[in-house]
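Both of the next two complexes hold chain A, though its partner changes from chain B to chain C.
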Partner chain A sequence: MEIKPRTVGNVAVLAIEGRFDANTAPPVQHWLEQATATPGARVLVDLTETTFVDSTALATLVSAMKRCQQGKGEFALCGLRRPVLMIFELTRLDKAFNIFVDSEHALAVLNA
Partner chain B sequence: MSRQPSEVIRLDLPARHSYLHLLSETIAELLRQVGADNETLIYNVQLAAHEVCTNIVSHAYRNRRDGEGRIHITLTLYPQPPRIEIELHDTGETFDPELVPQPNLSEAQIHGYGLFLIRHLMDKVSYTSLPDGNRWHLVKHLS
Partner chain C sequence: MMLVSLLSSQYNRIQALAEAWLAQGAQAFGVFEQGRALAYWPAGQRLLPADLSAAIYCYNEVVGELRLSGIRHKAAQQHLKAEAELIGYMLQLEYELQCMTADLVASQDQQLALYRLTQAMRDLVTVRETLTAVVHEAQRMLRGRAGFATYVSTNGGDPIVVQSEESRLNVETIWRLFWQLQTEDRPLLLSENDGDLRRPPGVHNLLVVPVRVRGMVVASIGIMDRAEGFGTPELKLGRALADQASAQIERILLYQEMVEQARLRSEMDLARRVQTDLLPRVLPEVTGLEIFAYSRPALQVGGDFFDFINLPNHPFIFTIGDVSGKGVSAALLMSMTRTALHSKAQFMPSPTPALVMRQSNEDLYNDFTRIGVFATVFVGQYEVEQQTITYANAGHAPVIYRPRNGRAELLLADNTAIGILPTNHFQNRSLAMAAGDLLIVATDGFSDARNEQDELFGIERLLNAVDELSKLSAREIADGLFDAVDRFSAGHPQDDDQTLIVLKGVEP
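After this line comes the complex of A and B, so read on.
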């Protein structure tokens, strides 16, 4: 797994490549804790190249989203592959997260 | 249902998160061998088996030193009806899955999705508490 952080306008973006699971979640969690610490933070997690998401990854993302919302910030996901999106649908987390089809659409909204 | 397997793979993994990708890769390869190459089907079987293993690592072996426990996994393909059966055995602490609360799906939860996913991604899931540990049996039909 590889994580690729970048900043686009006012948005902190983290792209996750490969498996996002109990084994690889700690560095993602660490980055998200820092990115969501600032009130009003705008954070995007790009899952375009994420091949596997487990319940630990879901917990990591839910924690970050809740932390971001507490700080009146915005938290979004993009690029979910079909099997990954189906897990979000099964757990109804697709209703809780702001999910975009790709980073271009997400950044256009988050930077507006 | 036929009990005559067409393919059997056995894994004996150290109970560490870092080895669980081997299980995912084995499941994908096994299913592709029989033409079950639907991406979502493979993913769902991978995720259910992975969640059982993370449960074993994090809970059954929670009082063991990292990697001290082992997970014995048998993956079996059956031709009639086409299905994969996965048996997972550990020698850790037992638990009662019935006592694990269902996640409240009306709001985002931080914990509680693991067992929910196992139950919903497979066609049949059974757990048995043994004198020497735990046994899980998962079944997914391939047609």
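After this line comes the complex of A and C, so read on.
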């Protein structure tokens, strides 16, 4: 797995490539903890190149989302491939997260 | 000096030569050093002018002279020369013996020091302590002015540099020497005589020896400014010290690994015990249902669980779930979740799966949020009169339902997992559970099982397997599913817990 952080306008973006699971979650968690630490943080996780997520990965995203919400920030996901989206649908997390088709749409909304 | 010591140790033999000469008619015989008589026969005789003399050579250098008075023929001259040569040769032997003795004593001292070092190092438990001790000893034994040592950990620890108080080298210089050593893979011997540019400024001479641990150069010991310079014996001793350091570092690493393994093992054992001991050991007997449930923990235990509430005058309720995370924390949270669900299901006046779920979510939400976990949960309740199962699904997958005359299908969750939303409006759903109807609730350890090619077992394979096994008993279906996932992932270790409950409707 590889993670690629960048900043676009006011939004901190993290692209995750490859398998996102219990073995690869720690660096993502570390990044998300820092990104969501400031009140009002706008954070986007780009899953376009993510091939798999397990429950640890989902937990990592859930706790980041909650932290963000506590700080009145915004947290969004984008670019979920079919197999990854299916995991979100199976666990009904698609209802909990703000999910965009791609980073372009997500950034347009988050930066508005 | 050497001649004097030979004379005193071999006095009788030299005197025998003198007496032989006197017996042949010589007036006097003497051994001289730099024109001075060291021994002269007959004793007490005044020195006479020499008629014959022969120089004593030792390593091609004149170290003395034999002088003879009263005889002057050619044969005597030859004889005298032969005796001088013999004495020269004895001197040489004597000198070599002295050198060997000195070497022996020195190497014995070194061995003793090495032994003491080994003894002293046995109590050292860190690499830094070991390097400090070795530098100290190397500096003392090699009689260098200062010393240093380096170490690079192969398992991600910080690199270490230790220096004796006298060392004024900067750390970059020391690391440069170490990288040099690692590239060349042999001791580095630098002195001001060879003009080698790698010698740090202000250092007269320097010996750096590599320390191998498990076949790799991971450390070095450096000693500098030995008054006599570094030669072969110092190199040998340096290597012996490096070997000592290497053995000790290997011992320390092994110890650290053992401690770490023991810690992990006991943590894993605890997690496994929490998980397996808390799960029901007896399958419930419920009219109209055939029930089988089993949980197989992964090496790194996850947070899977299942549970039954089967009491008289109480609907039969079953739960199955998966808390995110691994190890002890997951096992503890799983027991917390299971207990919350169990007490709601047991003590609520008229429980329904949605109510049990909703109250458990309220109980657990704050704690889960603090820790950053969630739990997918499926709660089912069997109504024997209606032959139906009412259920609520909080993000749990895979759940498979197969009506007796239909195909296996995946039931999607209606609600998100427990611990995600502060208030969650769970819905009850209903399924027919007459004879031949089949409900299988598994955990993602099944669908996410991988094979060696990194492919997922996936939902499709699971559905097909259920269709194939559907005519069998609940227990046989469960066995068949475990077999199917095992065959698929052959060779690939089980990543996550695999847990399932199989319910099959039977004639009451």
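As a convention for this text, the second predicted complex is superposed on the first by the 112 of 112 C-alpha atoms of A that agree within 3 Å, B and C clash if a C-alpha of one lies under 4 Å from a C-alpha of the other, contacts with A are read in each partner's own complex, and residues count from 1 in each chain.
Here, a residue touches a chain if its C-beta (ideal position, glycine included) is under 8 Å from a C-beta of that chain, and two chains touch if they have at least 3 such contacts.
Given the structure is predicted, the values throughout are model-derived calculations rather than measurements.
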- Query: Is A:Leu58 touching the first partner chain B, the second partner chain C, both, or neither of them?
  - Reply: both
- Query: Taking the superposition as given, does A:Ala22 touch the first partner, chain B, the second, chain C, both, or neither?
  - Reply: both
- Task: Give one of first, second, both or neither to describe whether A:Val109 is in contact with chain B, with chain C, with both, or with none.
- Result: neither
- Task: Would you sort A:Glu89 into first (chain B), second (chain C), both or neither based on which partner it touches?
- Result: second
- Can A:Lys66 be said to touch chain B (first), chain C (second), both, or neither? both
- Note on the structure: Where chain B and chain C land on the same part of chain A: residues 21-22, 52, 54-56, 58-59, 62-63, 66, 83, 87, 90-93, 96
- Touch list for chain B against partner chain A, complex: 17-18, 20-21, 24, 39-40, 43-44, 46-47, 50-51, 54, 57-58, 103, 105-111, 113-114, 116-117, 120-121
- Report the residues of chain A in contact with chain C in the complex, numbered from low to high. 21-22, 52, 54-56, 58-60, 62-63, 66, 83, 87, 89-93, 95-96
- Message: Under the stated contact criterion, what part of chain A meets chain B in this complex?
- Response: 19, 21-23, 52, 54-56, 58-59, 62-63, 65-66, 82-84, 86-87, 90-93, 96-97
- Query: In their shared complex, at which residues does chain C touch chain A?
  - Reply: 300, 302, 322, 324-326, 369, 372-374, 376, 394-398, 410, 412-417, 419-421, 444, 448, 456, 495-496
